[in-house]
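Both complexes shown next keep chain A, but they swap its partner, so chain B is in the first and chain C is in the second.
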Partner chain A sequence: MSKKALTVALMDPPYESENLTTAFRILDVAARRGYDINVFAYEGASGLAFTRQMPHPNPVHGKNVAEENHPTTKDQVAALLAETEKNGGKLDWVNCGMCVDERGVGEFVPGTRRGSPADFHAFVEASDNVLVIPTK
Partner chain B sequence: MAKKTLNIVESAYRAVMEEQDDTVLWLLAAMQGAGAQHTVVLRGNAVNYAVAGQGVPGLTVGEWKQTQAPKMDRDVLDLIEKRKIPVYVVTEDLAERGIESRELVPGVHLLSRTALPGLFAEHTLVAHW
Partner chain C sequence: MAQYLLIESRDPFESNDVTYYYDLAKGLADGGNEVTLFLAQNAVLAARPSARSAALSALARGGVKVLADDFSLRERGISKLVEGVAAAPIDTVVDCLAAGHKTLWH
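Presenting the complex of A and B:
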């Protein structure tokens, strides 16, 4: 069976919906199967790979930084890159350039890149399937 | 004396995995610590927050694992027991979802929709989240 290529378009910003958790669950399975994965991070999702995200303590939970172990999406993106490579796949994670500029989130996780709608078009053309997870 | 605020929480399970809690309940708990005086009404899908024994496995991405996944029943109990914030649950919304009152964490108050206006009258501000 030939290797599968999957494209996922994301729109939600980190820390504001459950959509991204669903997306990362799907992407994790694809990475474990060694698929080639393309992600087009559009609008708020262009902040997912922003490297200046920081975990924080949670005084309401009564936990320090280590105990709270707050998730950051930049760590999830980095883990996805590593898992894809480990299983023989390729992850091309594109951060929409204009979306990035609007938000000032131009420092990406290494291995992700700046791109444009033309990249999304190319992804669609080259993929076996495309999943769009829009903001509602 | 702080203004008494009635908080009607309807939005539910939004970003709870990434935040490891509900951001509205978290905000109310934090404000209570700063001297605010809050009451909470769970309505709509948010009534499910009061169901005891819920939980979810943490997110896993490759070698990365979430270790502190949210537990919403724990957070509701924290409001009631530690913060002394009264928490009401709308009974009609429970019934519509097939949830029985015996399934709820201890300490929540049951409230009919028809009794809500009476609660409004007891508070200075009403916030609908």
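Presenting the complex of A and C:
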């Protein structure tokens, strides 16, 4: 199968919607295939790569941090970057700058960058296909 | 003839918009297009034999390929699917994107 370039636009914030679970599963498949991937993280999704997210224990269930093994979206973004690179692809993850500023989430996972909807337009022009996952 | 991938993520018991999305799939298929309806997340609840599942079987009989995300099915403990609906991996979405299908998410 020839190498492809796909763009995915995300809008949901971390920890609120199953849309992101499905989105990361789609992105993971593309990464394993070595595709070039563009992600435009818009609105609430601009917080996905925020580095100050912290895993937490669950005292109600008597679990410490390690036992709870709470996933963070920043780790999922970092893993996606690593998986894409490992398979010969490239992941360009853009966090919408205005959305980031509004939310105070300007500390990104290394390898992601600040951008604007103009980047999304460029992604669309350069990609084989585009998937926009809106909020509900 | 164009190829369409329509991804439905919503539960038809929760949102009447789902019916309109089914109508879109039917309209595209009736227009001679190749249409795949991929059910994900709570949308797979309609793939169980239930009051809402007849619409999916009708779509399948009308030429729409109706698939249900296997992960979403397992999460919800669904193993029995109505006529015309098949389980499929999420790879199907990437296959369709890579093949250039016009893709919509609802």
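The criterion applied here is as follows: the second predicted complex is superposed on the first by the 134 of 136 C-alpha atoms of A that agree within 3 Å, B and C clash if a C-alpha of one lies under 4 Å from a C-alpha of the other, contacts with A are read in each partner's own complex, and residues count from 1 in each chain.
Keep in mind that, in the parts below, contacts are C-beta pairs under 8 Å (C-beta built on N, C-alpha and C of every residue); 3 or more make two chains touch, one makes a residue touch a chain.
These numbers were taken from a predicted model, which means no experiment stands behind them.
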item	value
Touched partner set for A:86, first chain B, second chain C, both or neither	first
Contacts of A:134 with chain B and chain C, given as first, second, both or neither	second
Which of chain B and chain C A:18 touches, first, second, both or neither	both
Per-residue contact with chain A, leading partner among chain C and chain B	B
Chain B versus chain C as contact partner of A:6, first or second or both or neither	second
First (chain B), second (chain C), both or neither touched by A:43	neither
Touching partner for A:73 - first (chain B), second (chain C), both, neither	first
Chain B and chain C footprints on chain A, overlapping residues	18, 25
Residues of chain A that touch chain B when the two form their complex	14-18, 20-21, 24-25, 27-28, 31-32, 58-61, 63, 67-71, 73, 75-76, 78-80, 82-83, 86
Chain A to chain C touching residues, read off their complex	1, 4, 6, 18-19, 22, 25-26, 29-30, 33, 35, 128-134, 136
Of chain B, residues touching chain A in the complex	13-21, 26, 29-30, 33, 59-64, 66-68, 78
Interfacial residue positions of chain C with respect to chain A in the complex	7, 9-10, 40-42, 69, 71-72, 90-91, 93-94, 97-98, 100-101, 103, 105
